[in-house]
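Residue numbering begins at 1 within each chain, and the chains themselves are lettered A, B and C in the order written.
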Amino acid sequence: MATTPQDSKYAKSHEYTHLDGDIATIGITDYAQKELGDVVFVELPQVGSQLEGNEELGSIESVKAVSELFAPVTGEVTEVNERLRDNPELVNSDPYGDGWMIKVRISDPTELDELMTAEEYDEYCEKESGH
Amino acid sequence: MTTPEATNNREGLIFEHSKPGRRGYQLPNLDVPEASLGDILPSNLLRDEIKDEVEVSEVDVIRHFTRLSKLNVSIDAGLYPLGSCTMKHNPRINEEIARVPGFALTHPLQPDHQVQGNLALLWHLEQTLREIFGMPRVTLQPVAGAHGELTGILMIHKALSTSGNARKYILIGDSAHGTNPASAAFAGYEIKELKSSSRGTLDPATLAEAVTEDVAALMITVPNTLGVFESDIKKFADILHAKGAYLYCDGANLNSFVGIARPGDMGIDVIHSNLHKTFSTPHGGGGPGAGPVGVSEKLVPFVPTPTVERREDGTYYLEHHRPDSIGRMRAFNGNFGVLVRALTYMRSMGPDGLRRIAQLAVLNANYIRARLKSSYHLPYDAPSLHEVVFSDKKQLEHDVHTLDIAKRLMDYGFHPPTIYFPLIVSGALMIEPTESEPKEELDAFCDAMIAIAREAEERPELVRSAPHTTPVRRLDEARAARQPILRWTK
Amino acid sequence: MLATIGVSSVDALFETIPADVKLKELLDIPGPWSEIETRRWFGALARQNKSGVDHVSFMGAGAYAHYQPACVDQLLLRAEFLTAYTPYQPEVSQGTLQSIFEYQTHQCLLTGLDVANASLYDGSTALCEAVLLAERIAKKKHKVVIARSVHPEYIETVRTYVQNLGIEVVEVPWGSDGRVDVEALRAACTDDVFGVAIQSPNFFGVVEDYDVIANATPAAVTKIAVVAEATSLGILSPPGAHGFDICVGEGQAWGIAPQFGGPYVGFMVVKDALKRHMPGRLVGETVDVDGRRAYVLTLATREQHIRRGKATSNICTNQALIALAANMYLSLLGKNGLREVATQSMQKAAYLRSKLRTMNGVTLPFGNAIYNEFVVRTPYAATDILMDLEHEKILGGIPLGRFFDGHENDFLVAVTELHTKEHLDHFANAVSASIARERR
């Protein structure tokens, strides 16, 4: 199992947020991609659209499941990973790298404080898969 | 591993059989004076040849479809225990009656006096379903279960809005078919999901708490998708009715209590029946079906138009004028050909036969349950009727999953049960044998299931890599969805 | 078996059903009947009908009598097709799956669009699904414009479907030539309109000019073409060639018996960009673990069993067996046969029109852009004329007064390749005789 990167923050709905300056890179975690199975389609917002924290930003589909993606932070979408359109499997093979989903210029850095650290997230996942 | 059997899926697409100049049809010569096409229609409205369409002979077509048919398994070839689907035997008299030219060659818009036979047939079918449901009115227009659900919820919406408030929510149990929430949403409602109790049924207290002034109806499957009868059904009706809400019954599982008990006597306000389940019209690889809907007295004014009525003098007519009706659910008169088959079946069975269907279906399911319960985990042990739901809990110890068990069953010559449904059971295996199966077939199925349970312990890899003997083996479903190829191209 | 289960009687298995809802008696219904009795009773009912058995039918309006080659029904009765379920388990359902894939391909070739689904209930509900699709992809628009010359029962069905969804149906009239009134269409396309639906050939049999419609419709509005007479696609330029986004229709004309209204088969074909918004089942190509080509239900996350309340449609059971019959019909007829059936239907209709046009008392009110169906007007009530024709063993058509006020003297007449010159001459003579009789 890929280790959970220390330099990112994590939401209960399994999105990671990696902050670089005021640009947050958002994707789903290794745990989430494993739970979903083979990812076949990722529906993402358009560049320039405005995201609200905790609101739905898109959806991710595996062969037999679909789940909503939620914005961990508020801000404007500055970039969308176009490669996912033709290669959604990147979410499976490299969730923290080539499988990233969107970049957002955040408007409120304090929102990140609400998110979990890597340790907290690992513990959270362990609890979730426990039953 | 490639087995000899596995190489027999060689049948190409019909388009790949095409050879210029081949014909599979013949028309008489045109016997009227031929006008130039351009004189009939301007050329910008006409097309050139249909590019890439096929040119094949009758032999090509017959061989092609015969070969394709051999890649399917079917109820005619053996037990097909898909839970919630009621894969019972389809008597062939039904097919013959539906094909009688005096029915087949009638047009849906003929005036009533020309189609008295059809209207009488529909009227008799409604009477029969009224008796089976114990309800005052049944619409025959819906053409599938989900279509019936939409019809039923639209009627509830109309009834409530007529009395001032359509309300906002439909309550749906967590073991319900996916069509229930989808139908309720398309009828204009939001969904609230109710949790099942540890018995797998709905607790009246859970319902009572959920029924607010905003709730329009509860949609519930009886017996539920675990095969367990909701013994508190009359309490549900009382709780809902006290708050002015309605009780909708998904009748997909009617096969387990037809002739034994009637929805109308349980306080149910709306029920749809999938005629392609309980009343034996063939599934045809996914339809056509029919989903007539029975309603309680309060909902009678709202049934779709047209209805079939009988006059004092014994003649029949289609009534199009029903001022409170929700309207028409489809063009014309429903899936008439399917309705003919269903009535044929009801008449062939008679009252005793219909009751025996339920008795044998429940006996068969319980026999399977008894034989398999030491090999497979039974997540809910409440007594079940016509179907039984196991899980893969025991086999997971050997890393064998429900999907693997299902695929391995194919090697034993059986269609798999419904899998991963209901959603409240992790790794569900939902088995519904129906009344059609003799004991020997049930035993052969149980023997296969028990053998697979043993294989899961002793040779798990064999199960995990199943099926081995089918025309194709496991498919790359992710590839199909990632880069969809949804048509042939030259 | 009871011993294995551990109960003493079958009744004991039903103890979970409360006694107070259990029936004390048998149902009060007829039967059981032997096959012989069943045939006798149903046969007697069938003989009470007037039908294509002993009448020549000119009835259309969304249900047409075209010839189905003999081998179609024989193949359809193969148990492996007839008695299989929806192909959830692809390893043992390749026959059904491959056939659906072929059916989807035929639909694409015929309509000029990119992606077809496995079938919908019928033409009317297919239009409903198209309207719902168009509304889903448009953000915050709530009006759909439908030509009044779309089959009236299709429009009624749409109104039923959308009644609680905040969608408003705006109808636009037809002009003097029977085609959509383009100025009215243009005016109706306000900013809050998400879709435009027209039918061609329309309810009166008049072929619309797709380009004219497309030009009058704003680019952002989803353009829906309805085809209720599917054989017309054998000769008419398809909607996909003229910028339409969705084509829906009724496949009954592909040799399916009229059988009083169903089962038929609805089809939907869309542009590639809309495929993930498609209602119903889709079959796609893939490979198995050994690399063999195979077919499977795909993009299933759109559907109710996964997305539940947020699915693109509630449809589950569709019309698979009728779609299979359509696939067989389209394959047998093929490139040349489909054109020939369409040409003969059109030529024969043109011949009948030419006979009627010169007849005293008959007018053909709408323009000449006709495929195989057209409106006949006389100075007398259409129902009276049709009753006269019935005495001549002719089911002469559909009186339009049933659908439209002020059209009591009009009726709709459909012609197909099944009609001979003799039938057409007999029809014309019977109409002429009826007019003479009414005149007296």
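Going forward, contacts are C-beta pairs under 8 Å (C-beta built on N, C-alpha and C of every residue); 3 or more make two chains touch, one makes a residue touch a chain.
Computed from a predicted model, the values in this text were never measured in an experiment.
J.: Work out the mean Cα position per chain and let me know which chain is farthest from subunit A.
T.: C
J.: Can you tell me which chain is nearest the middle of the complex, judged by mean CA position?
T.: When every chain is reduced to its C-alpha mean, the one closest to the whole-protein mean is B.
J.: If you tally contacting C-beta pairs, which pair wins, B-C or A-B?
T.: Pair with more contacting C-beta pairs, B-C versus A-B: B-C.
J.: Cα centroid separation between subunit A and subunit C, in whole Å?
T.: It comes to 45 Å between the two C-alpha centres.
J.: Please report how many Å separate the Cα centroid of subunit B from that of subunit C, as a whole number.
T.: Taking the mean C-alpha position of each chain, the two centres sit 21 Å apart.
J.: Which integer distance in Å separates the CA centroid of subunit A from that of subunit B?
T.: 38
J.: In subunit A, which residues are in touch with two or more of the other chains?
T.: Counting only residues that touch two or more other chains, subunit A contributes 41, 61-64.
J.: Note the residues in subunit B that touch 2 or more other chains, in rising order.
T.: Subunit B, residues with two or more chain partners: 477, 481.
J.: Note the residues in subunit C that touch 2 or more other chains, in rising order.
T.: Correct list: 300, 306-307.
J.: Residues of subunit A touching subunit C in their complex?
T.: Residues 41, 43, 61-66 of subunit A touch subunit C in their complex.
J.: Can you check the complex and tell me which residues of subunit A touch subunit B?
T.: Listed in rising order, the residues of subunit A that touch subunit B are 37-41, 61-64, 86, 88-89.
J.: Please give the residue numbers of subunit C that touch subunit A in the complex, ascending.
T.: 276, 300-301, 306-307
J.: Which of the residues in subunit B come into contact with subunit A in the complex?
T.: 420, 477-478, 481-483
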